[in-house]
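For reference, the structures are reproduced in the following blocks.
Shared between the two complexes below is chain A, which has chain B as its partner in the first and chain C in the second.
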Partner chain A sequence: MPTVTIDGRRVTVREGAYVLEAARLAGARIPALCHHEAVEPIGACRLCVVDIWKPGWDADSFRLVASCLYPVEEGLVVHTATPRVMETRRVALDLLLARCPETPLVRDLAREYGIEETTYRKRENPDDCILCGLCTRICDKVGPAAISTQSRGVLREVAPPFFEAPPDCIGCGACAEVCPTGHIKVTEDGFTRTIWGKTFEMLRCPSCGRAYLTRAQAEWMAGRGMPVEPLCDSCKRRRTAEVAASLGRPR
Partner chain B sequence: MRLTSRKQYEEFRVRATRRLEGMRCRVLVCTGSGCLAGGAREVAEAVEEGLRERGLLDGRQGVEGKRTGCHGLCEAGPLVSIEPEGILYTRVTPDDVPEILDRTVLGGEVVERLAYEDPRSKNRVVHYRDIPFYKYQTRIATRNVGRVDPHDLEDAIAHGAYAGAVKALFEMTPEQVIDEVARSGLRGRGGAGFHTGRKWAACRRAPGDVKYVICNGDEGDPGAFKDRAIMEGDPHSVLEGMIIGAYAVGAREGFIYVRDEYPPGVLTSLHAALEAAREAGILGRGIFGTGMEFDIRITRGGGAYVCGESSALMRSIEGKVGEPRAKYIHGTERGLYDRPTVLNNVETWAHVGAILTRGGEWFAGMGTPKSKGTKAFSLSGKVRNAGLIELPMGTPLRHILHDIGGGIRGDRPFKAVQTGGPSGGVIPEALLDLPVDYEQLTEHGSMMGSGGMIVMDDRTCMVDVARYFVRFLNEESCGKCVPCREGLLQMLHLLDGLCEGRGRPGDLDRIERLARGMKWGSLCDLGRSAPNPVLSTLRHFREEYEAHLRDGACPAGVCRALTQYEIVPERCDGCHECVEVCPTAAIAGKPKQRHVIDQEKCIACGECFNVCPVDAIRYGPKARPATASAGATT
Partner chain C sequence: MDPVAVDLAPLDGILARYPAEESSLIQVLQDVQRHYRYLPRPALERVAKALGVPLARVCSVATFYKAFSLVPPGEHVVHVCMGTACHIRGAPQVLDELWRRIAPDANGDTADRRFTIKAVNCVGACAAAPVVIVDGRYHGGVQATKVAKVVGLEEGGRAS
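Moving on, here comes the complex of A and B:
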């Protein structure tokens, strides 16, 4: 297991970890908006940049990298808050704030870096999407890859194919779950769930009666031989706790 | 015909060379894209028909007509050359062909009126070897471009094709091949300038039995066309390089990624070359009768500039969205389909065969200490001899511009030359003696890039140039990472503001800070180098930015919102030329009478200024309406 030095503190991390994980283990505060443990990193938001140094490099030779996808290796030295790191984050946050001037998550983070209002021209009719790509990545990983990014540059956006109700979507809601800004909207009325302009029938938990799963998702999972849980998450948790409690109770 | 041993190749080569040397007269018509646009297809047809009519194509006359790739001097096309004398005819039309055939091919004399006219002395120069544009060139990557028929393998082999590959396969181990390439000092000709030998060695070392070689033919920089010319005019040089590379790293499969926007000629040439090479046993199983197996497939791009970036290009070949990914793990270890991959530019591959044939030492004998060999450039813009050139590294810009390029069109003052495309920058007059190599260009805020050289005269606004490239990149950024996607948009807003007279105090600082953030923070080299055109124009022409910002004036008279054109009454002789070219009919006045520009209709395009023979048009800052605050302060 490699040992790395983060802001002067040595930590040992698992093989195959990225610098961001090591830095957080060492207690460094690194912002990251496109990072999630469940999916592979892509290095899109650039807020997690850090300065690194490797054994063998000149003493004053540092490299700015995205910590979310830079693999750790033995002897790596990481500085998480050099002037260059902080300035890079500030410019990125300033730009994000111009894109999403009303989004609380962006506003709060920008304020942490001393930015109250953006230096740049605000986007007209802004929404809350920061194009972190978490939704498309999670859908690719746990679902049917029903949504993706479309177009390029500033025209890039997350959308279903042809901007129509996505035929492959199973309504699992994972995209909305991981969306850091709440841009992806899900509405439920107890009987149906609507997401991406598509409405799904809900199945109910036989224990508590709560609508907890779309029929489309249950069928999708069954079709792939995945076990479909008959209970909702909280009932499942309660049931497990009861079993555990009964096992542990002294007689 | 299959070449299944070294002996067969050598015998074939000797036969082909003898045949070539036995030719009394070869008429080579340039059918590169530039000349085609000027009507070269009709010229080629006229040549072929004329030769047939005169009974010269029966195979006993030692005469042949060939369609070749780019001869280089696109400016003077369509071009026809006569070998072996080395005569060059310029601006040839189908009507000129009978005269060429009768007087030159049959009569052995020169058609003076079609010879190249020296722009300064107005003398006619007949032979290639005497024309400055050709005289100073050293052609290695483009050695056979314009000299061979890309659809004729025999012609290519007569000109030395595959000699390097045969030498590598029969005389050298893969390690020796890599050493030879390393010794040549060859560096990536696509822009970054990474050492080719080192790249190959890393890929050979990388574990795995499936490896790939890729040719990057996604040349997308505005004003760059050298890769196109090579693929179109001498595809076998690219295939040869890739065979040698595949042998060196141990790859069985290769890809040529071709820019979608390229004219069909590129694909036709490549496909024909691949087919001919397969038929001859130069590609496929048992190359030249050895145990080597290697074949090449062509992938067409989808029209995204960013796919010229290596990691995006690989995703594109895989059928995924062409977006770059972080290269913390090199492509030589995990590239295409996560397998070890060598990706080189078209020109880099084209160099390899020559290096193997003549040796690394020979190649390293040219150039500067760190930049070896020769480099192809696409010369364009306000230069007289626009076209394709290849020169030893370290050639001074002044020599390129004035001797090879023939100086500035219309003898206007030189202002700057833009190199390296959207990742590069401008080099001003004061640095004209700069020896052109990777280090020098980078040191002065520009880049080698893919070898584009756009020459600019005094009628070019540097803020507008920066805006042009930023706008280009704003449309071509993939949009994956924040600094590039959002940064380019905001940079464009800032530059638009300057060009339209809406600049605010502090804008230059804002531009510099944003540029730094993009440079540091962006994910790939597109974003990291995107601020270069802005930073380099700002570095060399800061006063021009300041004039836009402070005075609302465009000194070059280009930014329309800031510029007003007027006719100086006492100079105007009423020649009417400006009236003819004005696109908005904004100029009033009868011939022989003084003309006047209607400012309401004028869009400040400057066409009148460009055509006026008596310098009666002048431009200056637009008269701005008095600001409202002037009255409000009292």
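Moving on, here comes the complex of A and C:
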């Protein structure tokens, strides 16, 4: 397992880890908006930039990389808050703020880096989407791949096919769950869940009666031979705890 | 969506040419675009099923590339090259003149469906700048004063 130095602290991390994971393990505070443990990194938001140095390089030769997708290797030296790292993050945040001038998460992060208002031209009719791609990646990972980015450049946006209620969506809500800014809206009324303009019937937990799963998701999972948990998450936890308690203290 | 029902029979032949896998997607879409002159929605849905690619990804690819269009083009498609060489030799004036003469909507389509105008980047014929392509045929040295003739709005042009 490689040992790397993060801001002067040596940490040993698992083989195949990326620098961001190692840095957070070492206690460094690195912002990242497009990162999630459940999906592969894509380095879209550029906020997690750090300076790296490798054995064999000139002593003053550092390189700026996105830590979320730079793999660790033995002897790597990482600085997470050099002046140029901070400046690069400021530029990225300034640009994000131009795209999403009213989004609380972006505003808060920008303020942490000393930016109150963007120095660029604000996007007209802005929404809260920063195009981090977490929603589309998690949807691919779950399986349906019901949404994706459409068009490119300044016109690029996350949307279902033909901008209509997505036929492949199972209403699992994972996209809304991972969305860092709350751009993806999901509404529930106890009987139905509506997301991406599509309304789903909810199944109820037989134990507590809470609506916890869409029928579409249960059927989708059953159709793939995946076990469909008949209890909601909190009842499942309680049951597990009860089972554990009934077994008594392990020796 | 589509004004007339699309005949999907030609898709069988196109799909038969490539292995039924995700990596065939762009080639299939190119052939579909060539056949229909755009990507009809029912064709995209069929392609998604046939190749086992999620429809959302098919749409993502179809909307990413400039070579694909989701709407049928006009009878004549006019590409005005806006590459560097064409630009300095007057392409913006050529485009302005064409735009003024045929008054298309923001997408470059005329209401009578006769023309679709597209401003494109370098088409690789810089020596002939400024270049205008009408229905795939390249015309070099097209100045603003000549463009109406080249696209067939005036006597002596090709398209009509």
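Brief remarks follow.
Following the convention adopted for this analysis, the second predicted complex is superposed on the first by the 248 of 251 C-alpha atoms of A that agree within 3 Å, B and C clash if a C-alpha of one lies under 4 Å from a C-alpha of the other, contacts with A are read in each partner's own complex, and residues count from 1 in each chain.
Here is the rule we go by: contacts are C-beta pairs under 8 Å (C-beta built on N, C-alpha and C of every residue); 3 or more make two chains touch, one makes a residue touch a chain.
Small disclaimer: the values here were computed from a predicted structure and weren't measured.
Touch criterion met: A:91 reaches chain B, while chain C stays clear of it. In the overlay built on the shared chain, the residue A:168 is in contact with chain C alone; chain B does not reach it.
By the touch criterion stated above, A:201 is placed in contact with neither chain B nor chain C. Contact with chain B, but none with chain C, is seen for A:46 once the two complexes are overlaid on the shared chain. Applying the stated contact rule after C-alpha superposition, one finds that A:151 touches each of chain B and chain C.
Judged by the touch definition given at the top, the superposed model places A:160 against chain C, while chain B stays out of reach. Note on chain A: of its two partners chain C and chain B, the one contacting more of its residues is B. When both complexes are overlaid on chain A, the residue A:70 reaches chain B alone and has no touch with chain C. When the two complexes are laid over each other on chain A, chain A has residues 148-149, 151-152 in contact with both chain B and chain C.
Of all residues in chain A, those touching chain C in their complex are 136, 139-140, 144-152, 160-162, 166-168.
On the chain A side of its complex with chain B, the touching residues are 42-47, 49, 64-66, 69-71, 84, 87-88, 90-92, 95-96, 98-99, 119-121, 130-131, 133, 148-149, 151-156. Considering their complex, residues 1, 41, 44, 54-60, 63-64 of chain C touch chain A.
Against chain A, the residues of chain B that register as touching in their complex are 304, 306, 321, 325-326, 328-329, 474-483, 485-490, 493, 510, 513-514, 516-518, 520-523.
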